[in-house]
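So, here come the structures, one by one.
The two complexes that follow have chain A in common; it is paired with chain B in the first and with chain C in the second.
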Partner chain A sequence: MKRLSLSQQRSLTGYLFTLPFIIGFILFFLAPFIQSVIFSLNHLRIVAGGYELIYNHFENFKHALYVDTQFLPTFTQTVLNMITDVPAIIFFSFFAALLLNQKFRGRLLARSIFFLPVILSSGVIAGLEAADYMSNLMREQATNATSFLAGPTLTAFLLQMKIPRELLLYVISVVDRIPEIIRASGIQILIFLAGLQSISPSLYEAARVEGASPWQTMWMITIPVLSPTILANVVYSIIDSFLAPTNALVTYIRTTAFGGAGFGIGTAMGVMYFAAVSVVLAIVVGVLSRHVVYQD
Partner chain B sequence: MIGRIRQKIWMTKPTRSVGGDLLVLLLIGAAAAYSALPLVYSISNAFKPPNELFLWPPQFFVRNPTLANFYDLLVLMSSSWIPFSRYLVNTLVITLGGTAGHVIIASLAAYALAKHDFPGSKFMFSLVVLSLMFAKQVTAIPKYLITSVLGLVDTHWAIILPAWCMSLGLFLMKQFIEAMIHDALLESARIEGASEWTIFWRIVMPNVRPGWLTLIILSFQALWGETGGQFIYSEQLKTLPNALSQIVSAGIARAGVAAAVGVITMILPITVFVINQSKVIDTMGASGIK
Partner chain C sequence: MAVLTRERRLVLRHRMGSFLFAVFRTVLILGIAYIILFPVLSKLSSSFMSKRDLIDQTVRYVPKHPTWDNYRFAMEVMNFWRVFTNSLLLSVVVATLQLVSSTLVGYGLARFEFRGRNLILAAAIFTLVVPPQMMMVPLYLNWRFFNIYGLLPGQGLNLLNSPWPFILTAITGTGLRNGLFILVMRQFFTGIPRSLEEAAYVDGAGPLRTFIQVMLPSAVPSMVVVFLFGFVWQWNDSFLTTLYLDHNFLPVALSNITTRLAQYFEMTDPQYFSFMVNAGSMLMIAPLLIMYTVLQRYFVESIERTGLVG
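Coming up: the complex of A and B.
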């Protein structure tokens, strides 16, 4: 057998190591995805012994955009929610992780507490809460109460101050959503913690020897070394916000596909949503990755 | 040794004023209270007798704690058609098998994509990132068709195999490997004659330990709540969440049992989290490079 060159050998290793993943990925993700795109372009009819597809010239997309009255408003609302939530989630989880990474008594307990919302809001437990009679009663009462912190009087008062209006409105909307933000930050805190734990202490030591203040250390060491983790977390938060099963649009797509107007229209909505999420993500990643520092 | 002492001084040196400390403590305390209260409430609920469970306005703490709810749950479990332990074993098989395979396969691929530049690697990674964005509701039907063609319907593999190839794990592991592993470290291992396989297990994996410990929690969390509803039909193969949701589907009549079920399903994920996080070493050894 001919000896492979070094770069060929390296490529071969690359292919071998990715092979198990790629096989599964093609089978369980890529193929279903392509099939979904085909479904979205066709009218799906159930016939004896299976289904048949009739090509219908983007009819499903037109239906979702022009006929369906709920799709577009829910769509824009979902994107707006993501834009307000993600920066807040990143800031909150970053500072929570910085604090939880420090040495103090009961640190493990504190970390567990911040992870609790993730456990509580998943699977069976979320279902239990949704089905519980008393929780539903309480939820009804809670919607009648005024918003979390910034009631209408406070908002009006703040708006009279000489603060940029858009900034203020953003802060108020974030304050209103603090509970959701804490609830959505559990995994991000964990990812940041893992990133922080991998920063070499010798870097801090060197910075200290050079006389850097903690503030400088934070900007010159912690944030640059953590930047790939920050990028990963931003991507994770955007996807989590867009694809959570509780997301209004995801719920709407599900009801359309499996209960309402049919699977074809549902998948057409899904494909458009996918395209929109990809564009948002591409822009965010494109802007952020210029500032990411990799160690090599 | 001196380094360690110095580091200790550095770590414990107060860097904030007392007021700042208090403020931070207050903020984090408030957020922690918000996160912990639902747990305390649901544990307290599980011990409430019916007359306290339906009290309005609801009481936060239980006044006359009782084990009746857990007892009722045990009675329901023992009268079920299939031995209850079977559901638990099914869920454990899916959760442990899925998590282990996911972490290993994702890390292998992530190492190759992060540190080996081979033709098609960039394309592969963009594909993976794109696939993160697809709502799984939309691919549900094609995914079922493929599972059925592969003959996996009504087996645990229908859940375990897709879990192995979730793109999230690959994405996270690639970010961690890129951030934590120096190329110089890999070079020196190659010069010493280590094979890629050895490098992966002896150098890459130990150094990204915080990364895969995090991934274990994520994967465990996702699979533990798996009902398997679309793929598993045989009663003896169904999962714990499935069985438990059947028990509580009787609604208001089983509110007490439902509270007990909630506490029981929370115990294992919380335990796994605590054990897992206590295994993360605080300061990684700088990957041997100074």
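Coming up: the complex of A and C.
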């Protein structure tokens, strides 16, 4: 057998290390992915010992869009929720990471509390909580305080001021959802914090010597250096909000597919959902990546 | 009053500023911590309340007659120990296999030049972007009639209600959010200087030995993070477990708890049952909290080395 050159050996080893994923991707990802596109164009019937497909043009899509009364509203609501939540999550987690990066007593404790939502993000518990009597009672008592900002009097007052109306309404809707936003920010805080800690202290040192104010340092150093991290976080947040177990559309697609309406229709909804995710991601990445500064 | 020099006034102002900022920071952190901890603490307190606390108007947050009964009933109707063992086993196995596959693949992507490397990287990102709901039906049917698209003879095996779908996807790096773990491990290995491995190669070690003996020890912090996340996501997952398995797992048992309680007591009482529902939730959260507390110091302090940076 011919001996392989060193670079050939290296590339062979590379294939060997990544082989599990190559196999898995083809068998358990690419194949079902293609199948779901096919399924969405067919009527699927379970027969003895397997299933059969009957091609039916775009009937499944038409059914999902025009016959199903709930799909479209749930779909739009999900996308809208994502659009309002993601900027708030990014803003909050960036801010929280800045706070947690400072030196103060109890920093470790504060960090572990801020990351806690990551491990508690269970769809089942969230569902139970929403239906639970005691939780609702306690939450009602507790949110009387936070609902002050979103209360009718203050809203009416703020609306009279010369602040752009859309911006104000957005801020109010975000304030209303503060607990949800905080609980969806765990990983993003973690990623920002890792990014902040990778910034070389010498940059800040130099800025201080030059007499830059903290505000200037933030805009001239922190944000540009973190811009790839911001992009990664935006992408992560979008995916996370689309795939969240509490997401209404996710549940709806599942009930449709397995609850009698038909596998084909459920899969067609899934395909449309995927298309929406891709379009949103493509637009966001396209716009943001122009502003990203890579250091090397 | 003594006249302050200009410098002194500046210093004072500066101190005043940092003090005010520290107060502001503390208030903010406490507020956020409150929002995060409130649901957990309220679940905890109501899980210990007894029927007498329900009638007692003075009881709001802290039970006056704490009891373990809610836990006893919750455990009984959930068939807790069996369900708990199943969930624990599945989560440990899945997290371990995901860790193995993502470490291998991440290292392969970070260190070796070969054709199609970027394609594989793109594929890993792609697996994160596709909602599992889209592929739910084909996946379900493939596991129901498992013959690897005709490679195996016959009608195929029924792998539903067995751990195989989880094992096979975890070991091949295509499990739940596995792409993310591959990215994390790749990022970590990319950041490690090559000189370490080169020394091992000069000493005559092969790639696999170099990987195990030289690279893995320094990767432990990232691996802990990957394991923790893999475990937590599998533990909390109800989407795939209900799709592939019958109700022998914690999230499923917990989501059915209200119905089971009604059957058990042969009545419904949402207020009283709420205590037991919360006890059930605490039972599901508790192992995660314990694991997190044990690992968090390790976890929180070692993020800077995990390569989570995009």
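By our rule, the second predicted complex is superposed on the first by the 245 of 296 C-alpha atoms of A that agree within 3 Å, B and C clash if a C-alpha of one lies under 4 Å from a C-alpha of the other, contacts with A are read in each partner's own complex, and residues count from 1 in each chain.
Please note the rule applied: contacts are C-beta pairs under 8 Å (C-beta built on N, C-alpha and C of every residue); 3 or more make two chains touch, one makes a residue touch a chain.
The shown structure was predicted, so the numbers you read here are calculated from the model rather than taken from an experiment.
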First (chain B), second (chain C), both or neither touched by A:Val225: first
Contacts of A:Leu108 with chain B and chain C, given as first, second, both or neither: both
Chain B versus chain C as contact partner of A:Pro201, first or second or both or neither: first
Touching partner for A:Val250 - first (chain B), second (chain C), both, neither: both
Contacts of A:Ser5 with chain B and chain C, given as first, second, both or neither: neither
Partner chain in contact with A:Gln160 - chain B first, chain C second, else both or neither: neither
Contacts of A:Val271 with chain B and chain C, given as first, second, both or neither: both
Which superposed partner A:Pro179 touches (first chain B, second chain C, both, neither): both
Footprint overlap on chain A, where chain B in one structure and chain C in the other make contact: 10-11, 13-18, 20-25, 27-29, 31-33, 35-36, 39, 96, 99, 102, 108, 110-120, 122-125, 127-129, 131-134, 138, 179, 182-183, 190-191, 193-195, 197-198, 228-229, 231-232, 239, 242-243, 250, 253-254, 257, 263, 266-267, 270-271, 273-274, 277-278, 281
Parts of chain B lying in touch with chain A, wherever the complex brings them together: 3, 6-7, 10-12, 15, 24, 28, 31-32, 34-36, 38-39, 42, 53-54, 56, 58, 105-106, 108-109, 111-113, 116-119, 121, 124, 127-143, 145-146, 150, 161-162, 164-165, 167-168, 170-172, 175-176, 178-183, 196, 200, 207-208, 210-211, 213-214, 217-218, 221-222, 224-227, 241, 244-245, 248-249, 251-252, 255, 258-259, 261-262, 265-266, 269-270, 273-274, 277-278, 280-287, 289-290
Sites on chain A touched by chain C in the complex: 7, 10-18, 20-25, 27-29, 31-33, 35-36, 39, 44, 49-51, 96, 99, 102, 104, 108, 110-125, 127-129, 131-135, 138-139, 141-142, 178-179, 182-183, 190-191, 193-195, 197-198, 228-229, 231-233, 239, 242-243, 245, 250, 253-254, 257, 263, 266-267, 269-271, 273-274, 277-278, 281
Chain C residues within the chain A interface of the complex: 22, 25-26, 28-29, 32-33, 35-40, 42-43, 46, 49, 60-61, 101, 104-105, 107-109, 111-115, 117, 120, 123-124, 127-139, 141-142, 145, 148-149, 155, 168-169, 171-174, 182, 207, 211, 228-229, 232, 236-239, 251-252, 254-255, 257-258, 270-271, 273-275, 277-278, 280-281, 284-285, 288-289, 292-293, 296-297, 299-301, 303-304, 306-310
Touching residues on chain A, where the partner in the complex is chain B: 10-11, 13-18, 20-25, 27-33, 35-36, 39, 92, 96, 99, 102-103, 108, 110-120, 122-125, 127-129, 131-134, 137-138, 179, 182-183, 186-187, 190-191, 193-195, 197-205, 208, 214, 225-226, 228-229, 231-232, 235-236, 239, 242-243, 250, 253-254, 257-258, 263, 266-267, 270-271, 273-274, 277-278, 281, 285, 294-296
